[in-house]
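What follows is a set of notes on a single structure, which appears directly below.
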Amino acid sequence: MRMPLSAMIGLFFTALYFLAAIFADFIAPYGMAEIVGGVWDPISREHWLGTDNIGRDLLTRMIYGGQTTIFVATMATLLSFSLGSVLGFTAAVIGGWVDQALSRFVDLLMSIPSLIFALVVLSVMPVTVLVLVLVMGILDSTRVFRLSRAVAVDITVMDYVEAARLRGEGNVWIIFREILPNALSPLVAEMGLRFIFAILFISTLSFLGLGVQPPLADWGGIVRENREGIVYGIPAALVPAFAIATLAISVNLVADWVLTRTTSLKGGRGG
Amino acid sequence: MSPILKLVVQRLALGVLLLLAASVLIFVGTEILPGDVASAILGQGATEQALANLRIELGLNDPPVTRYFNWLFGVLQGDLGVSLSNRRDIAEAMSVRLSNTLFLAFWAAIIAVPLAILLGLVAVRYEGRWPDKVVSGATLATISIPEFLLGYIAMYFLAVQYRIFPSVANINASMSLGDKLNAIALPVLVLVLVVLGHMMRMTRAAILNVMQSAYVETAELKGLRSFTIIWRHAFPNAIAPVVNVVMINLAYLVVGVVVVEVVFVYPGMGQYLVDHVAKRDIPVVQACGLVFAAVYIGLNLVADIVSILANPRLRHPK
Amino acid sequence: MAETLLEVKNLRIEATAYPPGEPPQEIVIVHDCSFTLEKGRVLGLIGESGAGKSTIGLSAMSYGRGGVRLTGGEVRLNGREIRSAGPGVLRSVRGREVTYVAQSAAAAFNPAKRLMEQVIEATLHHGLMGRAEAEKRAVDLFRQLDLPEPESFGRRYPHQVSGGQLQRAMTALALCPKPDLVVFDEPTTALDVTTQIDVLAAIKRAIQETGVAALYITHDLAVVAQVSDEIMVLRHGRMVEHGTTRQIIEDPQEDYTRALVSVRSIEHEEKASAAPILTVEGVTARYTGLARDVLSEITVEIAPGQTLAVVGESGSGKSTLARAITGLLPPTAGKISFAGRTLTPKLEDRPREDLRELQMIYQMADVAMNPRQTVKTIIGRPLEFYFGLRGRARDERIQELLDEIELGKGFADRYPAELSGGQKQRVCIARALAAKPKLIICDEVTSALDPLVADGILKLLLKLQKDEDVAYLFITHDLATVRAIADSIAVMYQGKVVRYGPKSQVLSPPFDAYTDLLLASVPEMRLGWLEEVIENRRMESAGN
């Protein structure tokens, strides 16, 4: 099938950002915390995006910032995904009180907005990358749990799962051979959304000064460092904010495409 | 008791229970630190004496369960405790902040809700054509753009480049309503943009769902006009889902407020919470967390109750 | 010669299909269809699913459902061309000259409005009567259609009345504006057989008394034979045969029509009873949280290589019996013995040998197979699981099984989505067979299939029974199927077995009241059957 333009654009930018993050050390023109110019120097041949609030090269900061943001978000997504989907499937397949206990606990966690709960926890925790990944991953796993449980419940009521049970198959076969192959496409699309959410979440925390701590750069933190400039008409803070938005939109476009592609394999519902 | 009343009472009781559980969660959330809370607050260089004093003040020598119930009974009597950083009464400091935040959220909601429903209807009316595509495009954009980007773009252009509105949204009790509205114009604009996308998309889905039902086809096959069909057959069934959409998004708006307040240095709850998280002022953080959770749970509760009240099966039992 | 009401000429109907992984395609659903209907006549449209019968029916209202477009030809109603007419003309025709009765009245009524409001809405909207007069007519229609408390019936909401009543209320809705034509779209298909007959009788009487013309759409030839004057047989969007009801039933000209008429012509000699392989003794079961038993004290047995048919309507507990036997719903009392052993109540505790010898086939073959597995995996897994067959040995056995179910080579690597409905059910049969079972539970295995395909499946099951000496527990609501394949029969009603014994005995009088009702309600493919049944009932109730 031909790839639609929107997906190509999305894939291009996603790949660009990820490659820049992976090869940051090779492509960054200056050192991450190196002061190389004046405060908020304008765009020039030496500094393609100008300099930041204390005279560091903004492009360099952006490249390293992207590295941190993408790393933290990827880790948090992997955590939320493995945790949420394993528990979600388990709840759906085992059912009974296991399902009840897990589901009610998730309801409870979701009764408090994630950002607020993260702030509450971060008020006593040391703010390190590990803690951030854990907090974000665990809070976000509630959504993955709900989705994977719902998808799995839809599948477990299917006669083919009952047929497998009647055959005498164990839970491992049922989860990995009967349920998982049929749950994959909604979960893959959800992974894209969870990654976007993680990017926005870590950026927001850093922007509020409660995420990644200086001198380590991340996109939300760069917005925070340069926000005073806005009042003087210096748009440096918009650059990382713009990067966040383009990455999020790109991933979204790719996820959309993956979803339509994989669901169409199953065949239409027919009329 | 009529079944519908019973359901509503049940749902209310469930809401209270959920709020209680949330308070436990918030309390536990500030307790999960492996190690000593006092030294986490005061840092490495604190003296033994200062640590001991803080422990007594926070009641850290009591078991956690005792502390939780002390806190809870205080909250129930309107006593939210005293701030660690400035020794002020939290309830007093918060009341001004809360009313400021509600003022901001109120104006954002009053603009966003009718606008979103209207645009959702337009998207349904022109399903698959360009107005519909604009709506889905806008939705994609707004769920991907962080609130602070919208905030700074608005500030950069509307306050700095063109000087239409003030860049900092500072309000106080002595200002007239007009001045206040002028001051909050930018944060309101940003909040509206933040919730609009979601609300439009969900309204569209809710109404489309109703429009595709068999009874709408029946109405069409009676030879009724589109307007009559929508007004008489689709609308009564769309109320519950649309109210649900609105409530869920208002709850979302409560969270968006935190970032927007920080961007525009607005003296509301969000700013208050963020400042005190940085200061590790635990009593304030707990109080703010509880208030946010209460609003969030309350709005979801309203959505549930409206769905119950709008359900003809429950209103007219067999 | 009576006056022509509806004239359809060279009608062509198209829709857009979205095949997976390919650009959307235009497909033709109805090719070049022509017919005329005179005033006061009833035309039955009959065909399998996908024959285009509903689409043609709705074309009489110039309506295409969900992206279906009427792209060519003419539809003349009362002499006026409506296929290409604008929305204004269509609004004046729909709900006044022609009205519609949907298959699912439960979905077609607005849940938020009272029935009366909806029944008279079109009449008021078109200005045909004043409110009082319309309400009076609605009440008359409620009475005519045998609805309870006709005076106050309209004050109820849709969810407050039963499915059969709702279907009759929908008929009242359609008749209220005194239309010239009513389109009945499978109005009794979703109902139980004993409810169907009442609704059918009510519809027939209402049609006769009002003198309205009708298009009656159904897949059940025996049903349409009772209500229509003419029948048009459709297949794959084309007309196969059109004639009077008598001619179609008694003297069909086309092979396809003949096949439809002679469906269920399977003859099956009842086998003599023998020592049972499965014995169900006093089994009682209930779902957790439910106050009453869904099964109470069920006692039945099946002899090796024979078929026990369990008949009943929805809610009779017949599928629950299957769940109790398989261990999905452990009984609260009673005992189940199988092949000389006592089966443990819970599935989890049963030894693999018990599981192997007791297999199951489902109603919906679609969801009984994992869409992500090939036929090879689906049939191969039991071979691997129970017999440890692998590699060549397994592949050879798979091919043997495919031959047994009359599917050729190339099927092993297909996915379920690439099979037709009948082929899917055959693969499910092969999967059950792969375990070399002694008993197969067949849960409504033919009811989702078109009649000709269902016939093929039944023949295959009978052949396999002979070859493999396997017993069947055959659950169905369809008495024709029961007659075709059963050796013994259990009739279930409200969780109990009300009649049980060898087929010849169960199906001959004297009957208990429920079996009598059930047997009398199954439409027979002959003219005048409905009248006879109604007349018998009237006499019985007069006699009481």
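Every chain is named by a letter (A, B and C) in the order it is written, and numbering of its residues begins at 1.
Here is the rule we use: a contact is a pair of C-beta atoms (placed from the backbone, for glycine too) under 8 Å apart; a residue touches a chain by one contact, two chains touch by 3 or more.
Keep in mind the model is a prediction, meaning the values are calculated, not measured.
Because contacts link each chain to all the remaining chains, their graph is best described as complete. More inter-chain C-beta contacts link the pair A-B than the other of A-C and A-B.
Note on chain placement: the centre of chain A and the centre of chain C lie 48 Å apart, centres being C-alpha means. Note: centroid distance chain A to chain B, computed from Cα atoms, is 22 Å.
Those residues of chain A that touch chain C in the shared complex are 1, 158-160, 162-163, 165-169, 177-178, 181-182, 264-268, 271. Those residues of chain B whose C-beta lies close enough to touch chain C in the complex are 213-215, 217-225, 228, 232-233, 236-237, 312-313, 316, 318. Against chain A, in their complex, chain C makes its touches with residues 17-22, 66, 326, 328, 347, 350, 352, 355, 358-360, 362, 364, 367-373, 381-382, 385, 417, 431, 435. The touching residues of chain B, counted against chain A in their complex, run 18-19, 21-22, 25-26, 29-33, 37, 40-41, 140-141, 143-149, 152-153, 155-156, 159-161, 167, 251, 254-255, 258-259, 262-263, 273-274, 276-278, 280-282, 285-286, 288-289, 292-293, 296-297, 300. Those residues of chain C lying in contact with chain B across their complex are 61, 63, 65, 90-96, 99-100, 102, 104, 107-113, 118, 121-122, 125-126, 157, 159-160, 173.
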